[in-house]
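The structures come next, written out as structure tokens.
Common to both upcoming complexes is chain A, partnered first by chain B, then by chain C.
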Partner chain A sequence: MKHKTFFWFILPSLAAMIVFIAMPLVSVVVQSLHVEHEQVMVVTENCGPFGCEEQTSVDAEATAKLREEKPLGRFNGLGTYFDRGHLATAEVATAWSERASLGDFFKRLYNLPLYKAIAFTLTYTFVVTPLVIILGLAIALGVNRVTPALKGPTIFVSLLPMIVTPLIGSLILFWMIDAQGIIGKSLQFLFDDPELSLKASPTLTWITLIIYGIWHSAPFAFVVFYAGLQSVSHETLEAARIDGASRWQQVRYVVIPHLMPLAIFIALIQLMDNFRVFEPVIGFSAEANAPSLSYIIYNDLKGDVIRFNSAAATSLLTVVGVIILLAPVLVRTWRDFNRKVV
Partner chain B sequence: MSSATGKTPRGLFLLSTGFVLLWIVIASFPFLWTLWGSFKVQGDFFSKADWRYALWGTRTIVETGGPFTGAGYHGAWVQEEFWRAALNTGIVVVFTVIISLTLGTLGGYALARSGYRYAFWLLMIALVFRAMPHITLVSGYLLPFFEWNLWGHLPTSIIVLVAINQPFTLWMLHSFFLNIPKDLDESAKVDGCTQFQAFRHVIIPVMWPGVITTGLFSFLLAYNDFAVTSMLLSEQNRTMVPAIAGFLGSTFEEGNVMFAVAAVVSATVPLFLLVLFFQRQIVSGLTAGAVKG
Partner chain C sequence: MFLKHTMLASGLALMATGAYAGCGLSGGNVNILGNEFGAIQAIVAKAKECAGDGVTIESNLTVDHRDIQVAALTANPAQYTSAIVANSSIVPLLNDDLIRPLDDLVAKHGQDLQPNQLITIDGKIMAVAFMANAQHLFYRSDILEQVGVEPPTTYDEVLAAAEAIRAAGIMEHPFAMNTKTGWNLGEEFVNMYTATGADFFKPGTAEVAINNESGVAALNMLKSLMEYSNPDFLTYDSNATQALWEGGQIALATLWGSRGGGILDDEGSSEEVVASTVLTAAPALNGDTPASTLWWDGFTIARNISDEDAEATFVALVEGLGDDVVKANNDEAVWLSPAYEPGPASAGVAATAQAGAKPYPMLPFMGLLHTAAGAELTEFLQGAESAEQALADVEAAYTTAAKEQGYLQ
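The block that comes next holds the complex of A and B.
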């Protein structure tokens, strides 16, 4: 295809991406370097019967006017990045020098909002992703044995948790695990503890969110693996059987290697999707115990006072995280591509 | 594979069937339970006394006289005007899908037919864009949109959703177009068509399966979105998902949680129908990306 034709074909799509994905990233960078204007102070002299005294007060009108005229605020450099709400370099340094033990250091770190969000987001991403792959594979192997007539309905039901709106899916489960809901009540009965509540303890909240994540994403892995299973070569399996391979060995040495590229694909998609976990935190009202990076950005933007600079700084740090996460994939694809060209 | 394997030992058969059954229950029970519970009063769905109340509707009978009640639905759709949100969702979803597909087919076709290095780079950049958490982009929009008075309107959200959707749409359609033989449009060009005429007369008639599948996923993205619609739409322009989140914030009154339950069930119905009618396309769409790698 000629360069010029290519350009005209891709233009609308490219323009949309530049204006609404690339430009916002620039806007995020600019916003993160600014901070809201300080309040304008006026000094007035109050003279009473006992002499005059100077009084400093906030000139609300002038402040509002200044903020109205320059909504971006004043230039702040990298200040926002290092404040307590973000990288908190000063606090981290103090925590390190005053640490009693390494555990104590991490505990102090965990009390800082950004580090807490990073801890949850990374745990969520790296626990959910492998479990989704394992569960998806298990379901695919199981469904593959089901009589053909029942396969359609089974796949239909399996797709539901994935297709449902994340916020709705998490609300549905949230109502069930409520202390007065069916699962919550059953757990209280099982553990013989009428006070048991999955919402109260941070650990249980994390586990609940992770279980939700697996429930939501396992169907995706299942469908991909199931499609892959249809193309496993019968000859190879036959040969393995003749060589005396047990059922488990057939799976381990024939089926799993065949599915390996698919597992990598699922891992890539899951890493991207789990890293931006957001709706479940809201659905499960888990913001206190398990805020994710996306959630703290949302929180900055949603409050009565919108903290643009804070949201922007967290956003940029999140984008850096995404790029680090994707780096191995990008490098690998780049190498593959070069090999193909040469 | 299974039929050719020969006879399955009984133990393995039971284990595998049991596991699949367990998965079916885990996947479907929450939906059935919520559907059933949405016709009860709050005292049953969140029962302080006994969870079985929800099965028989004990409190529902006491409070309304019958074992089922549509009070939640009435409250959500009529009293809280959920129909507005449903209408807004309809508008946003239809336009997002149509615009996404128009831009995506042109771009995806170009990417599939260009062998140059920049096409590869564009796909890589699209992959990085696809990984961006949507809320990070929203934090970039908010201030300019406030300034230029673009905030709160449906068209703004539609265009933003289209743009966020583009990387995925491009990737998917790109791989579908790779599957359409190059000879098809090459021969049209030999016959004197321009590239666009070749696309118009030769490719468009055969591209529909791929476009429909991609459209389904665009639909899901727009329909399921919370980050963009909750931040960029004003209260009267809200779509269903942020409206449901709104119910939760304001409904600590007894019985009003059931509005949210009813709204959740209502919003799930279209998704349910979608899977019912397009199961094959959804499955093929999920695997298309994987097969291409």
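The block that comes next holds the complex of A and C.
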């Protein structure tokens, strides 16, 4: 297609993307480079049902004037990125120089909020993504062999975990794994440990969240693989069967290579989605044990004092993280594209 | 034909001029934002009876009100005409100058309000309080009798009572507090630290000063209490602890006084639990001060609205605070009204106030310390770090946030 035609074709989408994605991103970048003005404080006498006392409060007029002059606040450069709530360069340097051992260094690193969130988010991403692909493939292969009469209902049931809203699904599972819920009680019975609590231990909370993540995303992989399975060449399969290949060998040498591009596609989508894991953390009230990057952004934006600048810096660090994660896949796709054009 | 039209028109005009809404208002839009519990629902329901003939009254009562109030009231015109706040949630509204002084409205319509209901900041009335609240001790008198322990007045006595209950095999985890990571956990730390009498900040500055023996004492007591609490304590908010109490699974708890009405009513619990639930003052720590902070709830009026809306809102809400509402909902809260009759549901808050509990500090940067404590104390309670390290983490997190928000340089 001519470049000009292509340009006119994508113009509406491009305009929408610029307005709704690019411009807010620029705004977030600008916000992350600023901090609030210095608050002008005065001592005033405040009275209430419990008596009067002298207290510090903000001089609203003076602060409002400062804000009118410079609405964005004070320019802070990259200061917010390096403070304790984000990359914490000073604290990391101290932890490195004062470390007793490598384990001690990581323990100190884990104490910092961003690194704790990164640890969970990366673990979640790199455990859930491959397991989703494997489970999705297994389900697709299984459903493919079901008798045609039962295929419809089986596909429906297999898709249900993805259709259930993440917040509702995780809340229901949260109640079930409670010490008095059906799964919690059953596990206590199975392991003969009346003190067993899935919510109390960080390790068990991580495992619960990861299992939930796999359960929720597997149908997506199943749907994509199932569609791909319909286009596997029957002649190649037939030839393999004639050559004496077992069922597993057929899958390994014919089906999987055919589905490889789809697997890469699913990996791409899953890497992006899992890196932004958020709803399970809320649904399972797991912020104590398993904060994720999206959760700490949300945490900055709620409450009495909304920390826009801090949230903006964490958002950009998350974007950088996603770019780093996807870099290998994008580079490979770019190379394939260039090769084809040539 | 002409006569008929004139008759019709004049008839309608007569009807219209004689029509006022029930509260003497002639117009205005009222939109109330607040928390969602019984007392506020009762007030807003009564306020809504002022609607009609040009006065519209809407409300949004949600537990997430603190998250949306600043943004909603910054808009011009403000999204809500009134925000129902407490001592800590009024601070961001004051900092950003989002609420208007009520002196003239109180002079015009507030003759029935008590002087101790008027919250004045720097001489100007900024809010009208209607109830007091505090966290305090709830205990099961039947279980304490069973193990032969006196009702505790200090947290050391609470620990002893919990140990006795566990040793007698009645309950493995007899104690609970609102220790959910976040605002709830921060509140428990603030309450416990207040009992030590130490200051949170260096006087006159925004520099935090909690990494001292008072802070360590407060944290160690919290940890000891959690040994007698269900291992899931980091997910317990007010609703979870109330459910535990009503289900008869705990014998000692530190809960909000405003939960008293719901616990002592005849819904959601059993006769045995309700009959033996006693509300008493918050226990002390190592002195005489109860480990609790006093809270008031009140309403404010937004700045970015028309004067007509402001007046309509004030009148409607003062109607909502009338004696009939207080009498009908006597047990929902500790009302700051002469029509209120103290009962068993308010005994705890009254006793805590009398024992000398201090009000929650209304400092502009207190919220930052509260958030930092709620986030950083989790690892200490899980046994993963020492008290000093936890306090250092809280101070570091607070200092970062305070610098970013401009309270520290």
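A few points about this structure:
Keep this in mind: the second predicted complex is superposed on the first by the 296 of 342 C-alpha atoms of A that agree within 3 Å, B and C clash if a C-alpha of one lies under 4 Å from a C-alpha of the other, contacts with A are read in each partner's own complex, and residues count from 1 in each chain.
Definition applied: a contact is a pair of C-beta atoms (placed from the backbone, for glycine too) under 8 Å apart; a residue touches a chain by one contact, two chains touch by 3 or more.
Bear in mind that the values here come from a model prediction, so they are computed numbers and not experimental data.
Residue contacts after overlaying the shared chain place A:Arg84 against chain C, while chain B stays out of touching range. In the superposition on chain A, A:Asp178 makes contact with both chain B and chain C. Once the two complexes are laid over each other on the shared chain, residue contacts for A:Gln55 go to chain C alone; chain B is not touched. Looking at the shared chain after the overlay, A:Val305 reaches chain C, while chain B stays out of its contact range.
Judged by the touch definition given at the top, the superposed model places A:Glu195 against chain C, while chain B stays out of reach. After overlaying the two complexes on the shared chain, residue contacts for A:Glu45 are found with chain C alone; chain B is out of touch. For chain A, the partner with contacts to more residues, out of chain B and chain C, is B.
After overlaying the two complexes on the shared chain, residue contacts for A:Val322 are found with chain B alone; chain C is out of touch. With both structures placed on the common chain, the touch criterion links A:Phe120 to neither chain B nor chain C. In the three-chain superposition model, chain A touches both chain B and chain C at residues 178, 302, 306.
Those residues of chain B that touch chain A in the complex are listed here as 1-2, 4-5, 8, 12-13, 16-17, 19-20, 23-24, 26-28, 30-31, 33-34, 37, 45-48, 51, 54, 102-104, 106-107, 109-111, 113-117, 119-120, 122, 124, 126-144, 146-147, 159-160, 162-164, 166-167, 169-170, 195-196, 199, 220, 223-224, 226-227, 231, 241, 244-245, 248, 260-261, 264, 267-268, 271-272, 274-276, 279, 282-283, 286-287, 289-291, 293.
Of all residues in chain A, only 1-3, 5-6, 9-10, 12-14, 16-17, 19-21, 23-28, 31, 71-72, 138-139, 141-146, 152, 154-161, 163-169, 171-173, 175-176, 178, 180-182, 185-186, 215, 219-220, 223-224, 227-229, 232, 234, 237-238, 241, 247, 261-262, 265-266, 269, 272, 275-276, 278-279, 282, 293-294, 297-298, 300-302, 306, 308, 311-312, 314-316, 318-319, 322-323, 325-326, 329-330, 333-334, 337, 341 touch chain B in the complex they form. Residues of chain A that touch chain C in their complex: 35-39, 41-51, 55-58, 60-61, 63-64, 74, 80, 83-85, 91, 111, 113, 178-179, 194-195, 197, 199-200, 202, 285, 287-289, 299, 302-307, 309-310.
By the touch criterion given at the top, residues 64, 66-67, 70-71, 87-89, 91-92, 94-97, 116-123, 129, 132, 172, 180-183, 204, 206, 230-235, 294, 296, 336, 353, 358-359, 361-364, 367-368, 371, 375, 378-379, 382, 385, 389, 393, 396-397, 399-401, 403-407, 409 of chain C touch chain A in their complex.
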